[in-house]
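Letters are used for the chains, namely A, B, C and D, taken in the order the chains are written, and counting of residues starts over at 1 for each.
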């Protein structure tokens, strides 16, 4: 084709782009910018939201419904005692830099993640792994110190993706993976661009190019959507705009579930919260519907324990803590605090926390608990609340999937120490069978709910907004990811 | 007739400023326009130039060569200004644009009016600067105004005004801000230009003597009217109008000085070999510090009851010396004693010593804290007393001081802005007198006053000196004032005392060339009729 | 002139040195560990310690200050804790937006303020003067972020003439870049233009009262000639100060505006870096801004000397 | 009445007085309790019951603006006081010891503070010590110190050359006594005018800091935070952003007009309007 024809074609594409020819590029809005692009070296959810399933893949992966599916491992077998997993790897897979993928890369990746000096944020995922061995280029055997049915699940996390030793040095700024998209460029503070991987081992992506644009201000997010600067905001940060966006034919609003249990965390070792009566009083003083309505503009599902409602093992325990200020006052009186008390409420930046905090403060004031609000940046929050445990109350959404195990760790920032629950979690580790796991999980839910460990508020809704012509985006968020593999523009 | 003002009147925002002004001026003649402050003499000039503030209304007619300027449009007036009429202002320090060279500023007059090329205009500017005695060899036209002295700047302003050889030049107090010797040169220059160009000149001044020797005709103004006018000779020889008489008398006034004993055995203020240096900025970063010697080994004595004048042109060091005597600044060499006690600058100076010395400053407006009443103002020196009077004793002291300077006891409750300039100087004198000092330093104490008021204040000073046996150190640039009130005179030049002697000696037989130059430069009033 | 410049430069360096110390000490007391922030909620303590060592946070503060200072002198501002890229490159990228934005806003503000100030001063008391004074009074009182919100509402969301924010990058062409910076520049320029117009007016009124203006009029210059040949240049001197101040303000003061329009500029960088505890970036940006202020002040001083011959003498 | 002739003065005084009155009245009474949330009534448009409507928590915006005036005025007032209390003595001391090392140190420190971009430092201070009204006050106050120090030094230097100061020195008064007795009263006008201007700048600064979340913390209402919180709702509930915005604009406008008017009143000669 001559140059002239090229130009003509280009002009036609331009002229018709909105009318007929489907677009092959997309701009995805995200609230937070990843600090770097190596999902195995830092915690930030934003990293996974860019790279997971797009650039990097693990041995297994999450599907949009939260189930675990094969990825770089086409299949796996578990030994009788549940201590040995042998993964069969896909062949003919290569990294974006052209180097081949084989069992050595898997061994390198997993050993690196669980090493002593590793900066992997989820080292716990690999805690039970004794050794990782490549028995042949297409087989990897993982040996556990004790049976753990959740290993395929654990390996589906973004923190367990497979990296290549050749390119690991530059993973933070120029990641090289095996996924359907190739990293193109990163304008720090603004955007990351990825393009289609023509040599992908699986079904190739439909989009030519995708741009992740980082917009922290909710207002700016709205303006960007309205002005067409952003095509989709998978986790739209301002629920108040959703009715308006929903009413606009240009957009479709997709409501889904996330793994984010939004809770009013209580410092269980700090007086008077070391008294269960006081915690129960707090639970009864909270009006979940007002919070969901006021802070989330109605988006969110009330929860009564630390568990995602869409999970099969979920138990609705909201009945344990209905809104009942009279009861709350009575419980406080019973605890010897009829005149109430003062405490702190330290809030991280997201609007669910800031707005929810204001509402909770007002509700607690009604029953005589004076709450001093302080708004913190994430770094301060991590330092003061999460690590320093210097707080009375805080609000945060725990977005890791299946994370009820945190209640078994007395060092965790709730400082909840219950031997019964800790034993349950040990049992859970050793259980591979679904029904039995389910039962254990339900017991755990009940224990923490009835112990009023924290104030359980709501399950964070995934409020995605996208151009109405876009198909294939995830509805739910079983993990933090923007998997673009199946995304395309409808005509 | 070059210029004729007929029934000229002016009001600004309804307030009448000028009324029925009539005068005429022929080519080659100088008209002296005389009046005290507020008489309307400057406004007359601005009316002719039509450079009046907004809200002005002009009546009557101003004819230049028979053309009524009142009928001219603003654009036509722009053609007249600078071309037909030039103007020179009082304040040479600010009358020039600080950002342009003097050559450009003179050339601009030429450029805005004619078709002269840039080079031609530059040439005219050079020639004109030469005419005002600023030849390019010595005073490059590429200089900026701040690089010239006051007298030189005034010459530049004159050059700008006469570059196009206008037929009429208006000079508004052209020498008031200048030293007496410079004043004489500028007056000579103006007269020469009038004669050379056959130009008409309106010379505006508050000083009868300045105008007397230069003007052909004189008009005397007061409160916006011309009270007396005519040829200079007849004005002074006849003194018809009572105001002219009063003005003349005040200008030539010599206060009566009686009842005062000068005790030659009792030196009060002794200044011995005093030098005062000022630090200059370093020439280079690590270069040596440089100093400017403002007062250079000055010695003199003021005896008890004696009135001593200290004269010199601006910058000669007399103010620096005053500050040193008052103990405000430290000196580098020599000693100053008052009644035998050394004067030290700053807090080290004992109050008893400060008590013996007081001061009256030049500016009757700036000498007082505007927020205090007179009673508080004049009792400020009580701070120097160990047991300052209180209650009725304090009121008595205040009343006595006020009465002794010719004010009333009721004035004690007034604020300073309620007084005129002359009255303020009386308050200043009352403040100096209230603790009965032995020496009063009068720092240009009458320079800012109109002649008639000045005469009264001089009388008062003479009287007080006699009554209280006060010694004065009378610092002034005005030789005639010094002559009328002082027993002895000191002449200062460039930090040095060049001559001292009795008033008669100095004025009759000046020994030093500079003294002679100074005395000769003083404009003199013509003899009054018997 | 040269000697004057050298002396000023020496005192500037001292200011910068003291400023660097102040900045470092201030930032060293910021609570919040960058390593902990980066690793998130589930990080093990030994992981955090490992990262601290990697970031060079395990040496003493004096050593860190000297390292930082020495690095800056050789053009190395260190490596960002969070982004792991050289700070110099990050600042360079951001400057490509902040600097044009500041210049754009400054140009706008000057283009608006000069004519407005001149008209107001020369027609004092007229309807034009009253309206200029009224509008500028309002302009000074409006918070620029609120004005920015209104601009976005009207021009981006309702009229859709401009995009609501973001920056396409200069590689998309000069016009696209300028278009993206237009609303932010207007929001930034409005209060600045108001201030500048008022300074221009009052300075010009002062100058028009000067004796040499009267002299010029007596020479036969018309009011217009007097204005252009004599008044403006003299009135410019105080205006220069304000322009100098404004430039540094615009460079730093865009923090909020950059957030409203989500422009990846210096202001937003510093805001992000503070919340991410990316101390080295904060230190470097603040230092850079102080440096900019000091340098602009110096340039303004030199501009004075260029305008005013009285300042050209060395002593 | 001379002040009636100064249009700016009374117009500004009236505008400012409205907000001061609102702040004062809010201590005694507000139409609704601003600490009580009423979520079912959220986002109502202005009505007879809620004059300015309600916000996203169902609070009465009119009441919040009244209480917010209190916050703005308190922060700005204290910040300006810090500037005056610390800055004026420094300026007076520097002028009294003109050209001494003390003068040099004070002026160089001033330059140093001026070299820091004010807003950035305010953000840093609040980021370091945590966001609160107190820290906002300190941050704004620090930048008021050199403003007043420089102003009073310049004014005092001018006054020190005046002859009535020489007269006081001849009367043997000490530098500090002269500063208090003669210098300070004569620059009071300037201080009042500058104080008014800094006060209005303080209100703007407080609004800016609150807007980025670094000012007064909830549940204390603040105009800047009201604007920040309303931002995402501006398209469907513009009254949330308009009323606090107008409150800021009119208060600052009022104070500026008042400052201009005062300047004219004190010195009719330079009725030029503010820079």
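Simple rule for what comes next: a contact is a pair of C-beta atoms (placed from the backbone, for glycine too) under 8 Å apart; a residue touches a chain by one contact, two chains touch by 3 or more.
Everything numeric in this text was worked out from a predicted model, so none of it was measured.
Shared contact partners of chain C and chain D, listed by label: A, B. Computed centre separation for the pair chain A/chain B is 87 angstrom, with centres defined by C-alpha atoms. Note on chain placement: the centre of chain A and the centre of chain C lie 39 Å apart, centres being C-alpha means. For the pair chain A and chain D, the distance between mean C-alpha positions equals 45 Å.
Computed from the mean C-alpha positions, the centre of chain B lies at a distance of 50 Å from the centre of chain C.
Residue positions of chain B in touch with at least two other chains are not found. Residues of chain C found to touch two or more other chains are 31, 149, 157, 259, 274-275. Residue positions of chain A touching 2 or more other chains: 217, 219, 226, 377, 380.
Touching chain pairs in this entry, ordered by label, are A-C, A-D, B-C, B-D, C-D.
On chain C, the positions that touch chain A within their shared complex are 31-34, 36-44, 46-47, 50-51, 54, 82-85, 90, 93-94, 149, 152, 156-157, 160, 162-167, 169, 259-262, 264, 268-269, 272, 274-277. Within the complex formed with chain B, the residues of chain D that make contact are 162-164, 166-174, 182, 185-186. Touching chain C in their complex are the following residues of chain B: 49, 51, 74-75, 78-83, 86-87, 89, 91, 94-100, 108-109, 112-113, 144, 146, 157, 160-161, 280-285.
Note for the complex: chain C touches chain D at residues 15, 18-19, 22, 26-27, 29-31, 133, 137-138, 140-143, 145-146, 149-150, 153, 157, 195, 198-199, 201-202, 205-206, 242, 248-249, 251-253, 255-256, 259, 270-271, 274-275, 282, 286, 289-290, 293-294, 297. Across the complex, chain D is touched by residues 326, 328, 347, 349, 351, 354, 357-359, 361-363, 366-371, 380-381, 383-384, 428, 431 of chain B.
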